[in-house]
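Across the two complexes that follow, chain A remains constant while its partner is chain B and subsequently chain C.
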Partner chain A sequence: MSRKSLDRKISRRKFLGTSAASGAALAAMSTGLSRVSFADSHTIKIGFLAPLTGPVAAWGKPGLDGCLIWADWVNSKGGVDIGGQSYNIEFIGYDNEYDAAKARTGATKLIKEDGVKFVMMLGGDTWPGVQEIAAREGMLFSTLLPSDLTPDSTTLLAPCEVHPIYNVTGVEWLAENKPDLKTAAMCAQDDALGKPSVATYLAAFEAAGIEMVDAPLFFDPATTDFAPVMTRLLAANPDILCLDTCYADYVHPLCEQAFQQGYQGQIISCTADFYQNIIEKTSEEFMEGFIFQFPDFDDPALNSEGVNFVNPNEFYAEYAKRYGASAWSAVSWEYASIMDLWADAASSAGSAEPAAVLEAMKADGTGKHAFGTADWWGTELFGIDNALVGNWPVVVIEGGKATIKEFRSIPAWWDQHKDLMIKHMTDLGQMWNQRG
Partner chain B sequence: MPGTGTGKLVRRIAWQLRLVFLFAVLAVLPYLLSYSQQEIAVLLVINVLLVSSYRLLTLTGEWSLGHVVIMGVGAYASALLAKRLGVSVPVSLLLGGGIAAATAAVLSFPLFRMKGFYFLIGSFAAGEIIRLIWKRFTEPFGGPKGLKRIDAFPDIDIGFLSIDFFEPVNYYFLALVVVSASLFVLYRIERSRIGLTFHAIHWQDRLAESVGIDTFRYRTLAFVIASFFAGIAGGLYAHYVGAVNPTRFGVDQMVYVLVWAIVGGTATFHGPILGVVVLTVINEIVLRALGLDTARPLIYGAILILSVLYLPNGLESLAPRVRERVRRWRSGPAATGEGAG
Partner chain C sequence: MDLLWQTAVNATYAASYMALIAVWLVMIFGVMGVINFAHGELYMVGAYCVVFLYAQENFPFLLAVAAGLIFVGLVGLVMERTLFRPLRDNPLGGLIASIGFLLILQTLAVFGFGRRMGHVPPWTQDKFEVFGAILTYQRLFVIAAAIVLLAALWAFLKRSKFGRALRACAQDAEAASLQGISMNQTARIAMFIGAALAGVAGALTAPLVSPTPYIGHSIIVTAFIIIIVGGVGSLEGAVIAAVLYAFVHTFVTTFFDGVVANIVGLALMLAVLVVRPTGLFGAKERA
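Let's look at the complex of A and B:
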């Protein structure tokens, strides 16, 4: 054996040895870090179980980013006062990839290993995987999709976004402010998010006297070419183009197609996440008057009396500073606003235990929703009063910027038109007792 | 030759010992894992069956893009039989596999009129049709939201013994038994005359036909058997998670199966198993533990590219390569060509 080859072999051994030692050191470090985190008894852990990657990540990741700002702010002020003791808040994220099985794994990790006291979810397809664990562990969960609510899920709340019911406020505002628009065409992805939203828009259009030019067009979530979808929508020459609750990955190409196919009418949508990018791809003129439901939080209207979200303008500024203004999405503030509600309830309960917080949250049948005091509601639609419903903003793009036009009452609309809503929800099989 | 017989016996004993060791490790494994890692282990065991059944289909040379949908057929069928007709879960699991196999048998008529790339696209289209049916018909398939509150595997409670199959460790052992039995059958099929015929069709289908082998029948047989076990995997999944929906069995999931098979390699029985185990551990345990949740798709993609570049024959080729290097190293520089001159 030559000297050269011997050296090479020794160096390989050394390399392997060094690698193993480095790996062990890294593992020890990470274990050590975990221990530091666990050792802090004045920290309450909150689970964040949402899609952080994949096509639905736009409704998860920006929310976690918002929560990190919320935690930094709260912790810098000494934390949350619970039972006379201040507690820092730490968020533990788990990417469920919008998959029920991974959500189940994530929920067990957060509850049994991380010791969280509350878990925030996007919900939807992922909730069924978690439902049984929530029941067994008595853990308090929140969802952004109240279609997850059922009477047997007593520890699941929809304390912020009562999707898709708030969409009625946009249609109502549109009908009042642009009464000459009388016909609409609508499309949605054929999934658990699209269908209840279609039912809501159908009810809202009917209540507003707006006629559908065609049946709603459901496209497959795997669709990537939206030209034929838009061509079919525009074929009947509608006054209003309704994009329902499409994911950002669909809203953007749909708008692009509408622009390229020469559409000049009104567009209404539940969301317009990253709308600056849509403007870049179309034009400011094209997007002028676009109605949706999710404000930028630098809007001065959010400083009005009754809005409970703490320092919305500063929150938006900090978010834009950390992640860029174009990263702002519908959910950037929502999970943080749920945390406001949770912190209030934990403080008044004097405990972070899920049952105590739940009881405190629903104590007098009302809650401090981000957009004003609201009622715990939902028996007729969800079979349980676990949705916090009150006012919701109508947002219009003006001069390339989202602007709140008005806060409108969802319960007021419901009182007048609930029969229509129930009819359309039933027709599409979306009532709580028709699901699964 | 007596030496040959002894050699065979030694190899057989060594093989059996390795198997015993493997089962011992698998039996101890869940007790070394955290609760959430036990959950991952359950899904991993199910995915082992999925990817192994997929390999059986690839033996005939055909790569399908509909295998995950076929798994979904088993999942939906088993869930509906248990939920709507009150069939006991173990029976519905088997029937689910049977329905997946029957679906494959029906699909084989149009699909096996195609070969290669055309079969790939055809299988994708067939899978999409099935998924659209699940979405379109809310009754009985639950539409886009799918089925939930699917009956779980019945608990066992006979006084001294109480087993709750909601607990991942218990379901892990149940899945392990079912999957081990399935893998044994798949292994025996591959090693049988039928398996050799599958190989023959893969490498020389015209030649196989010339000696009287009905390639259509054998391709169908591989497809049906693979689909039966994919259906069983689907049933195991449905009764564990308690929910199925059309998105769960979409092309994204199929890409994962392809990646497992490609990274692991399909030349040997254990190749795809190696692929699914290694990639799942990296993706679900290592990268999450390192706090790289959001970077996982990027890293996963990089691993695929690197493995294709540097391990074109998959992870299964790694051990022989290492063995070869060790052999060369032991036999000295002369064998490696080093030291010359």
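Let's look at the complex of A and C:
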């Protein structure tokens, strides 16, 4: 098509008209607003700014679904008591599609238009879009990814998931229970979730005396065919295949490829969302012993003393009833557990204002983490003590079912091996003072 | 040596489905003068036909693939009639309309199947070894289907009356019209076959990927690189470029990493554009 003919066929009015219409349509599509309940005068609004669509949606949407259960339970009991007044909780969802620019738009909308008192995020690549607004507005934010934390992000908390640091517990358990496994190969998507997790696994493997047979293999997040990735990983015949913090869209085909290319060794991964589907694509035998970090909440081990998540088994049953058991993902409970912390802090402060809640939350340097009392920690790794770190479960697939094998202490590992973690984080440019 | 063979097998599979997708995108552009940005979403719709019919409704896999081929072909006909024909004299309008249509298809997929990836159980887990490399029957089936379909297309274009009409329109639409070739009918055929091929590629590979409503994005980017390397308007160029790109990308992924492979793939496109701006097999002047 020549330029001349193109110019001839498109009038200025047509071009502007179609451009405006397309722009409006795209804007409407990308906004993706989701108001999930209705407010009244005694309602506090909480922002949910996470990917609800796209490849990372598995770590956003199931969390919002969990929050709806949390809100229904809390509101049905009269709401949250703040300063002698009961308040219902309303979640305002905004789909940032794991895009920093959309996250910025969403944060502005949630704060300025909706008047939310707290914003929960997945974080990662979306946090840089929001950081300036958070600082300017003094809004309290939470992230699931403490690698977002910096000394400047004083109103950002990582109160639940200490990704990727908890991955050390899986490697530590593996080394203790399967000491004959001595070599590993690892792959990860090349993004803000993959890289700090790679550094963590490298530190954990080194601490455990497990040797990497090859440098970590990074792949483009747009990858759809994982056969070449798996061929490379298996080329050096590792004892352990580490899938880092790959998204579910990658973990499934990677496992399938490992199965198809004849791998019979140990697999360790941060997550194994919808693992029943992986078993269906491979086999129960192939997935036996698969280690990851996120339990199903029907696990009886969660009823043990010290676990702070309220009624975990009932929560799982309600989640399965509403959305189906196969919809359960790593984050289904996490945002709800953050709300437990927020509600306790707001009640304690007698105010829902962000500064008051933040102060109450960190008042004595500890907090009721879902898996037990934990410390506000992080200065050495993140430049600020805004990550709530304590125990984390090691989960193993046994007989086709995720089973908690043990709760292990992250701070205990850190005390012994922090130099290794800092070294590998630094090598990959993931320390707080290296991130752009 | 096994690693080399395994990589070659992986690359052959990648070349197969890439060629299926890219080859008729070229023809649609040639015949209709439209850059169809929704072509990746047609692949996605084909994949979801298998998700629905095979994974959810338990129809036989081959029946689901055939249904995907026909259904996506019909979607192509709807696109031709409602979008591209009214905008035939407005290429930019056609391009924008295809972007709008891809958003509609994505949204429909989200409404119909949710935002999560679709789960498609394997139709077989059998595999065999060839020179030390493992090839599953699922992948072999995609390779074989691509060869058969591309061969049938070649025969159709070279030997049939409709095929000659399509080639004539692709070379010079105005001259073809003067010879009595109906542009409407030619565009219908081109769009049906093009969409059906993208759909069948999606349907065949659905058990091997994680179908999501957004999977078309990465597919269309790859397809455009292949078309530019092969030469806009050249079917042979698209096939050869698909093979070339798939082998380069797969080998670099295996021996370096996936991020470097993307850079090398784009560098290959740039190199071709610098040395031969019309692409490897592109003509200097095309309608």
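To be clear about the criterion, the second predicted complex is superposed on the first by the 397 of 436 C-alpha atoms of A that agree within 3 Å, B and C clash if a C-alpha of one lies under 4 Å from a C-alpha of the other, contacts with A are read in each partner's own complex, and residues count from 1 in each chain.
To be clear about the criterion, contacts are C-beta pairs under 8 Å (C-beta built on N, C-alpha and C of every residue); 3 or more make two chains touch, one makes a residue touch a chain.
Computed from a prediction, not measured in an experiment: that's the story for all the values here.
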- Item | Touching partner for A:Lys61 - first (chain B), second (chain C), both, neither | both
- Message: One more residue to check, A:Gly84. First (chain B), second (chain C), both or neither?
- Response: neither
- Message: According to the stated criteria, A:Gly399 is in contact with first (chain B), second (chain C), both, or neither; which is it?
- Response: neither
- Which superposed partner A:Asp220 touches (first chain B, second chain C, both, neither): both
- Query: Is A:Lys195 contacted by the first partner chain B, the second partner chain C, both or neither?
  - Reply: first
- Would you check which partner chain A:Leu52 touches, where first means chain B only, second means chain C only, and both and neither mean what they say? both
- Query: Thinking of the overlay built on chain A, is A:Lys281 touched by chain B (first), by chain C (second), by both, or by neither?
  - Reply: second
- Task: Could you look at A:Gly209 and tell me whether it touches chain B, chain C, both or neither (first, second, both, neither)?
- Result: neither
- Note on the structure: Shared chain A footprint, chain B vs chain C, residue numbers 1, 9, 52-54, 57, 61, 190, 220, 222
- Message: Touching residues of chain C toward chain A in the complex: what are they?
- Response: 3, 6-7, 10-11, 13-14, 33, 89-93, 96, 99-100, 103, 107, 110, 115-117, 119, 121-122, 125, 127, 134, 136, 139, 208-210, 212-215, 217-219, 221, 249-250, 253-255, 257-259, 261-262, 286-287
- Query: Inside the complex, what are the residues of chain B that reach chain A?
  - Reply: 34-36, 39-40, 43, 128, 132, 135, 138, 142-149, 166, 168, 237, 240-243, 245, 247-248, 250-252, 284, 288-290, 293-294, 296-297, 329, 332-333, 336, 338-339
- chain A to chain B touching residues, read off their complex: 1-2, 4-5, 9, 30, 52-54, 57, 61, 93-95, 98-101, 104-106, 108-109, 112-113, 125, 128-129, 131-132, 136, 190-192, 194-195, 220-222, 429, 434-436
- Flag every residue of chain A that touches chain C in the complex, lowest number first. 1, 6, 9-10, 14-15, 18-19, 22, 25-26, 29, 52-55, 57-58, 61, 190, 217-220, 222-225, 227-229, 231-232, 235, 248-250, 252-253, 256, 259-262, 274, 277, 280-281, 283, 327
